[in-house]
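Below, each structure is written out as structure tokens.
In the two complexes below, chain A is the common chain; its partner is chain B in one and chain C in the other.
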Partner chain A sequence: MRFYEYESRRIVERAGIPVTRYGFCTTAEAAREVAAEIGGPVVIKSQVLTGGRMKAGGVKFADTPEEAAEHAAAILDLAINGHAPRGVLVDPKAEVAQEYYASVIWDGTVKRPMMLFSDMGGIDIEEVAASHPDHVGRGHLSNLLPVSDFHAKQVIARTGVTGSELTRATPILARLARLMRDCDMTLAEINPLARLDDGSFVALDAHMEMENEAKPRQKELLEELGIEAQDTREPYEPSDFERNVKAIDAADHRGVIQGKDHGFSGNLGLVIGAGGGSLTLTDAVRSQGGKPANYTEIGGNPSVAKACGLAKEVLRKDGVEKIAVMMSIVSNTRVDIVARGVIKACLELGRDPAETIAVFRIPGAWEEEGEKILRRYGVEYCDRSVSMWDAAGRAVAKIQEGT
Partner chain B sequence: MSAPPTGGEQLTGVFIGIEVDQTVADDAALAGRLAEVCPVDIFAADGEAGALRIVEENLDECVLCELCLDAAPDGAVVIKKLYDGSELRRG
Partner chain C sequence: MSILLSEEFTFIVQGITGREAVNLTRECLDYGSRVVGGVTPGRKGREVHGVPVFDTVQQVADAVGYVPNGSVVTVPPAFTKDAVFEAIEAGIELIVIVTERIPRRDVAEMVELAGMRGARIIGPNCLGLIVPEVCKMGGIGGPAKDAAKAYAPGAIGVMSRSGGMTTEISSTLTAAGLGQSTAVSIGGDAIIGSTYAELMPLFEADEQTEAIVIYTEPGGRMEAQLAEWVKDNRSRLPIVAFMAGRFMDSEEMKGMSFGHAGTIVEGAEDTATEKIARLEGAGIPVVERIDEIPDAVKEKIGVTA
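Moving on to the complex of A and B:
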């Protein structure tokens, strides 16, 4: 779950990290009042859950409260990447001596939080890591033991920061790490973290993302921020594929299907699932050079119509040449029912199942019957003697060979 | 066994066919029983007369549970697996 910048600021503030005096406004008049209270030049920022604000004209500078109101009115009417702004953030234009970067992310590979710090803030950390790796400090944290300031100090010191800067930045990174763990964040980022002319540090911008499943545990925080339970904060607009799969699933209580294609653009459609099988199989396809067109989960004994509907949606995606139908060995979903569904999808779209189904690997219930159906349509059946890795490899090989 | 069907939208009866003896199909009580036992609604009892109707769009949902075979007199209902030419029947 993502937070708007004004909410992220509040989260950072309540963790004891200094921020500038900001105001969240939903009208131009309110923006004028906040700018007048702040006094001096301000920056008006659109509050949207998408990137590219600056380029789209969602961030403007104002020297007077009247100018702030004018900019706020324009920004409030400006949709960015299809997102209407929730409001605007009015922030003083700070006199910055230097910008830094501080974040704590969840490192899924190591399964521990990781602190990141750079003395080159204000730009993408990925860019800094690639061009100036010596300016990025990293350090993992324990999931259980208290976060000590010493850990944060070590990470910051790796970037060459010393003296009073090191002393002042250390509690900020340590507090960010504590808030990341305490609030179940997957990302807690301050960029830029600014050192002002007087030597003090303030968070000029913050970006927070929380584990979706943590919402009940973080009820107090969400209530404090005024976030209602039904506010799902989808990170992007669902595609037609995602909407259609959801509708097919909702229309029939039998079994479960899910589909995602955000960020996928490959040629191999995946109809996969069961007991962690989807993640494993997607990784297995990618690791062997395959390009998945989507991600899916199918299981719980869906109807033929549901399996057919999912396979049709996958096959209709632009660029999909073949589909791989695969499940984990722990599946209790009936093989014959899924076989009927995916073959029917091919037939109804006027495609030859033997050409279209790169691999069918679902071990489990009714597999003899499933094999008979597949054989009838010239599709090879793979049982549990073919590992998930090998099944994915066969699918990748078939699509690469064009057979 | 004929060649597998290809093409077209919303194909029905691709994998499963059902045959019901006509004398039994006209029996309202039996039609109602078949409609009741089938977990995937392949049978329906229509109108006041309760005549048996096969719901074509549900044929391929057949889970081969054989409850319809148990509910009807021996040989009155036959389930045909169109993909291998075999049949399920009682008696």
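Moving on to the complex of A and C:
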């Protein structure tokens, strides 16, 4: 889960990393007041969960409170990459001597957190790493031992930074590393980290992302930031289909179903599973010229009601002509239960299962029983002798015959 | 031979009284695996399909008179780290973590402790591993009769980030007359105990194994790591890969994860297209269809179809 800049700043602040005295505002009038309180040149920054703010006009400078209010009004109305801002951040314009970069991320290969530091801050770190590799310091942390300041010092020293710069930046990177671990962040980044004219360091911008799986145990932090449980920060607004599938899944603890249709708009409804099977089958449909209307995952042996609910939601989607019910070989989910569910969905919507179900390919547990049920309604059953690719191909061929 | 498991291999189930764990225990016993004990705190004295339940891992070791070789851990995410630490500190050497939705920090801690103690972790978010007709450790393949349909002994090592696809691929190989030496569901999370590259030396040392088949997905650097390993170690084993989730490369799917938590694309190297190029660059063919795998393997090991 990604945090807004104003939240990320609060997170670094509570970890003991200095930040400028900023104000988060949702109205132009509030921005005027904060600017007046700061009493000097300010910067107004759009609070959106997307990059490229500067280019899009979401960051502006103001010399007076009136100008700050004007800019705030414009920025509050400006959507960036389809994201409406949640507010603006009003920040004193800092007298910066030099900009640095500091972050801590997971290195999945080494399976440890990795610290990154550069004395070329303010720009994209990947660019710096490519053009000036000697200006990027890296170092891994143990997962079991406490973070000690010397770990941070080594990383910073690798960029050639020394003197009071080194001694003042060291605790900042060490604190960032501790907060990354303590708060279950997948990314903890300060860019730019600024050295001011007086030699002190402040975080001018921060970007934090928390692992979704850790949200339950980070409840206290999330509450402190005023983030509500339903504020999931998806990269886009969930559709009716996605919301309905979620509700059906939550209503019954047996099995797990998921549905997504963001970016899909075809005529073939997919009632598919499990995790890897769904990925494989979606590719197989698309590679053979099919147009999926959605993506789904069935797993963990859902009830008839759940399978039925999922199939109904898929069938109700605009433009869906037929559904393909397909999974990789199942060992936990029962073939007969999914068969009952999808047939029930067809019947309850007044559709002929034999016409509506383009293909049913789920081999595995209780397949004999599943096949019997399907035959009764004239639906052809494919066992494991029909490959996932061929099953997807049959579904595509059937829907193309009809059009 | 095989990797990791053998006929003598003994293991326990931590969280054995949970609904899924009860089924898993039954399946493993039916397949002929030696499940010698179970642990659920506070449930000492019970039995699950004849397997005695204890409060601690140490109690199991005391009761049977030796430290079992492995443990299948299937406890809720908030308690998994403690259970795995307990198993490692009791001296257990192979730990299969079934649990999903464990925060990365916990996984990384478990993996680091395992490394310090010489233990190995498979998973989390996996179905375990199987040596056909010898031992099944975890829910892989399902009930014994279903597992017997899909898996047959042979020369192919299988590694997969998807539990279900481990069985689909093995079944496809079996139907084409290619049995498996060992099939491992390595887990679908961003950080896992044993990656492809980390299991390769074991397959390399196993005389029975003649080729490797892997199932891969977008997200992470595990495939790049394998490609590097293959280049650095003149492996005797040909590898055939299948890449699922190619559709995730399209522009409108950016920032989304599908299927498994680990499919989240966090860097430029994580996409399906990029991974296919890397694998092929290391001489690993990436097929587009599961049903193309057997012929691709036969071509590599010189068996005519």
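List of remarks:
The rule is short, and it goes like this: the second predicted complex is superposed on the first by the 234 of 403 C-alpha atoms of A that agree within 3 Å, B and C clash if a C-alpha of one lies under 4 Å from a C-alpha of the other, contacts with A are read in each partner's own complex, and residues count from 1 in each chain.
Quick note on the criterion: contacts are C-beta pairs under 8 Å (C-beta built on N, C-alpha and C of every residue); 3 or more make two chains touch, one makes a residue touch a chain.
The structure displayed is predicted, hence computed values, not measured ones.
Once chain A of one complex is fitted onto chain A of the other, the partner contacts of A:V304 are limited to chain B, with no touch recorded for chain C.
With both structures placed on the common chain, the touch criterion links A:R340 to chain B but leaves chain C unconnected. With both structures placed on the common chain, the touch criterion links A:D283 to chain C but leaves chain B unconnected. Once the two complexes are laid over each other on the shared chain, residue contacts for A:I373 go to chain B alone; chain C is not touched.
In the superposed model, C is the one of chain B and chain C that contacts more residues of chain A.
Within the superposed three-chain model, A:E348 lies in touch with chain B and out of touch with chain C [touch as defined at top]. The contact sets of chain A with chain B and with chain C never meet.
Those residues of chain A that touch chain C in the complex are listed here as 106, 108-109, 111-113, 126, 142-144, 181, 184, 186, 211, 213-214, 216-217, 235, 260, 262-263, 273-280, 282-284, 286-287, 295, 297, 327-332, 363-365, 384-385, 387-390. Residues of chain A touching chain B in their complex: 303-305, 334, 337, 340, 343-344, 347-348, 350, 352, 369, 372-373, 376-377.
For chain C in complex with chain A, the touching residues are 23, 77-78, 101-105, 107-109, 111-113, 116, 139-143, 146-147, 150, 160-165, 167-168, 171-172, 175, 188, 190-191, 195, 215, 217, 220-222, 225, 242, 244-248, 250, 252-256, 258-261, 263, 266, 268, 288-291. The touching residues of chain B, when paired with chain A in their complex, are 4-11, 14-15, 40, 60-61, 63-64, 81, 83-84.
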